[in-house]
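Take a look at this one; I'll ask things after.
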């Protein structure tokens, strides 16, 4: 029991060092902008990780919450002159409320049915944004959304970087705390057997609901930051494509791990950046070859480490330390096709 | 006793890095009923799974009916004439009772023909009348004991040369549990089916067995005829409980 | 992205310019010819001694048809490559995102995307070359007025291109005495628009205006025929290309389109000031790439030339470049550009023509 | 009134396409509990391969047969070398896996065929069929025929043959299926082959109605998935009914309410149905709380 | 003694199958009652109704002077009822200890934000749960497995784990569905001792079991079901002699033992 807490702290310290040092080591505002995007993805992914990895609920509509957050804050700031900082907070709360309402309705669905319902929700949000022209600007979107300018730091790339990663850190710590707590265990229990969880006193419906609400809030927060960062919005990024990207991040990083969502965001974006750089040097890597490579990497990761990067690396480390627990677990899955 | 139908030599098995079977040697002759006893976690289920190919052995060999089958997958082994009633029954929960039974005979459909199998299913119904009553019900909604009957009936429909039974009386009422063991004996007597039986109810099992093996943490601790095993003091104290103590 | 090879003996520092196009993703059919046109022109410029005696260097980036990638790309160009101006992007969303960055970083930008919002309202240093939907709308409405048609149905792609058109169609209708009696849209990837057409058919519309890019309009004209719709169909410049003819087949006959003159280079009248420019461009592009240039190639070609004009006027001073462009007058393949402080597109509807498909070929109307 | 009938006719044609795609989803799901989001790519491959084969001067009918066989092969290979090897994947990661495969297939297709759209000429003539003021393309008849043929063939396979029982067995309990001598991987390959063939047929019958290109699979895949869920994943009949329903909803939504929100209407109805019947119209069989 | 549980003529049918028909019995506080009967008699169904998995088709259940029809599934634990399952429902990707900690859910309060922000209460509760869970594992005799992943335990140990998890609720009534299935005689005997200890601590037990050694050994009273109906009720000695029970369930030999 005790060692767990220690490794956690060690992990957080290493994480903080990396986050703080990154912009100093790569002192180029391009990398800072990449860092901002990675951070924004990580916030959404951590929330989604809570829903998927812990509560075992799939969401194919996370970009919907992302979009609601983005538009809420953008409309408030651009049309009603609400200070962006306040707008961002409201931009987190509104999707939370939407998630509450939506989840109340659909959280009773199971597996792929839930996947479909969330996918449908995502579509409805995207269509709603496009159709509500008077407020959102419709398909043409909004321009000139005021940038975030907190404490007069200005809206430079670096300050945005630190702001976003500050939020990532809070979200991360919050989620890590949940993971190893009464609430986290209740989620995992639901994941395995709803009936057994119920008989232990877990209010299954309420817990599923709260997981959705938290993930909706995280996504909204990220979306709001995104809106002010980009300065423009149109409905295009808030569709299934982006929802799938978030899902990919979580699965590749490892659903059962909060760190997985973070690492997934880094890895998926890093693959994108590497492909850009490679494309500059390898002429044949032109055209849509990069999508092929991306698809292939995705397939390879799921085929060869279906549990995701973080759990896999962790079990390697444990093995080298002579601890064998998680290895057994992965072996177990094979027999578990049972029922 | 006839020729050896099953021969397990120096078999080891592991789950990940944990070794659970440490060099098992075991032989079953045609027409025998052999019991496999042992405490929880001794490795009985694992051994059965290795024999039928559900779990792949690490080292050692399994020979069945004169052929080596060590790492041949279960679906092939089954078609060679081995049936396995697995732990926790594993019935097809959303299929009807009748479909469950059909599936037991599915790989014999071509040679045996539909009529013959219909008759055999009828025989199973005669043995377990409750199954006939419930033949349209989904397997998963049967009571625990009814499911166990279904699992056994389904296995018998593959007309196996060797039948592996993993705790067949688990969850059965005393009356039925006893009956099941009798049925095992009848099956052998009628069809000459060889049986390898894992049971917690050691007394009952030994009563119908010719020979027995006692497993302890992955090794064979003791083997002998049923009579020898029953009278072994270690076995009495460890597995037969107060009834014989 | 590679870039222009400065001619061997030039010793001065190159002028560095960035270009963001959608080289992959759904907009790549736009971005690829755009890049080709720019590469072709760049070589010519540097072979001819560069600009103001300095070689021109262009750093290419791909935005993957994605807003966020476009913003990242333009930031990279500004911070890492230290470009003084950017061309691009191909699509409206990415262009708007880039414009946000370019205007706050005070970098000159020339976009190849349709959306009117890029230059309306006018922002310092932000320009675009394509015809806007306003020009197309006015051109079509003029035609309808001549024919005495006052009631129309509109059917447009729900993407920014189609929606932009719809906005202008609705805005200018009263001015031309036109009533829109049916207002329908479709999804870019929809497989059928029959229902929308049925609905339009049930109104008293006397013409249908279609705004979208391929393949939507070709499906629409096919289905219109199946449904027995006989009123004229007028399609936007988004489908004014040979692919439309190929996809729509026989059904294309009789369809009217509004387009740039580059669509029918051999039919442009000799006394048109654009005629020699178009001829020259088609010749050199076809020689370089073995196929005829489309409108997108033309937008990029004009974009680079406009930039070069601006560089010449500003004497290569990046700070003055944005301002200098407002004084540029340039006859391009897209039209005659006359930028001003209130117009950063610089085109009028005269730069567009109406064509009709007859026997599988585009013919200029009247 | 005639408009209304026309809306219904339009809806049924689109719905027929959705239905075939949905049946493909159901087929694979029934065997391996995998939702194959690359199902739409089978359609794309079916139509694009036919276009290519015809351009190689292969006769129309032969090109169609060949294309269907090729796509079937691709489906089988996909199961054998990708999905089947990912034994340890959870249902969630399988979703991502199939998405990865679909990205891969689409990417390769865009390299082979480019981003352009292509047309395929109708199987039988271009003229519309009209009756009572309602007219549909002749090709629509082929769509309806394809739906019926596929549905009947599948029904026969699943309900009347031992192979059908084996397929069901794999879906319910793979371990037990193996103990019955059924090879789950063979059954899965069979299912992928059937789905791929159905997808290819769908792709070929619809391409003449509009156009085809490397990316037509994406949206059709989603619509097919929606129909499969709406119908209740396990049931081919449910998928067909739901596919038709979805097509009708879109058409009537666009016709009577607004074409901008037609998809939103269809999705709202979908959610509403799931709220009332959480396992779709023809819900999957489940033991519920039995057998505890 | 108080009537802790009163099952008042409940019935349940599934489609055409009348699984339970007008069954009535009660359990006093601190009493061990066994529910026996042939396979398919309706024992598990009764247990499911008593534990709130599904409601009876008719009749009512009263527990601790409350009508349970208005109590929702997850509130049963707090009300004082917990159970184990015939087909195990272990959270098999958690450790053994964590499984038991889930059992404390109804006795702890910290919520999403409390846990996320690491409030003082959440940390106190965490410590409490850990210690108590460990104690329970010791009590059922699998403390040495605390850090193992539950899914890797053999069947017999999983049964013990389910009992420990159910005990974590601190129930007034513990429902056990075939706890001895898959255990051998020695292990069964140990389990019987455990039940006696649980009873001694004041918890009542409703036990469904086919192992007659155990039933006769631990039960204060026995209720016998056959085909959904109660056919007998009484102390073990009476039941063993009851001809109806012998015919339907025990068989002749068992009586001789």
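Every chain is named by a letter (A, B, C, D and E) in the order it is written, and numbering of its residues begins at 1.
Here, a residue touches a chain if its C-beta (ideal position, glycine included) is under 8 Å from a C-beta of that chain, and two chains touch if they have at least 3 such contacts.
Because the structure is predicted, anything quoted here is derived from the model rather than measured.
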item	value
Which of A-E and C-D has more C-beta contact pairs	A-E
Centroid comparison with chain A (C-alpha atoms), farthest chain	B
From chain D, the most remote chain by mean C-alpha position	E
Chain A-chain E separation of Cα centroids, rounded to whole Å	41
Centroid distance [mean C-alpha coordinates] between chain D and chain A, Å	30
Whole-Å gap between the CA centroids of chain A and chain C	37
Whole-Å gap between the CA centroids of chain A and chain B	49
Where chain C touches two or more other chains, by residue	28, 158
Residues of chain A touching at least two other chains	130, 195, 287-288, 291, 328, 330, 332, 335, 338-339
Where chain B touches two or more other chains, by residue	15, 18, 54, 88, 90, 93, 141-142, 144
List of chain C residues in touch with chain A within their complex	1-2, 23-25, 28, 62, 66-68, 71-72, 75-76, 79-80, 92-93, 96-97, 99-101, 104, 115, 117, 158-160, 162-164, 167
Chain D - residues contacting chain B, complex	162, 165-166, 168-169, 172-173, 175-184, 284-287, 290-291
Contact footprint of chain D on chain B as seen in their complex	52, 54, 73-76, 78-79, 83-84, 86, 90-95, 99, 102-104, 106-107, 109, 138, 140-142, 144, 147, 154-155, 158
Interface residues, chain D side, partner chain C - complex	3, 6-7, 10-11, 13-14, 17, 115-119, 126, 128, 130, 135-137, 206, 209-211, 213, 215-216, 218-220, 250-251, 254-255, 259-260, 262-263
Residues of chain A touching chain E in the complex	1, 174-175, 177-178, 181-186, 188-189, 191-193, 195-204, 210, 214, 256, 325, 328-329, 332, 336
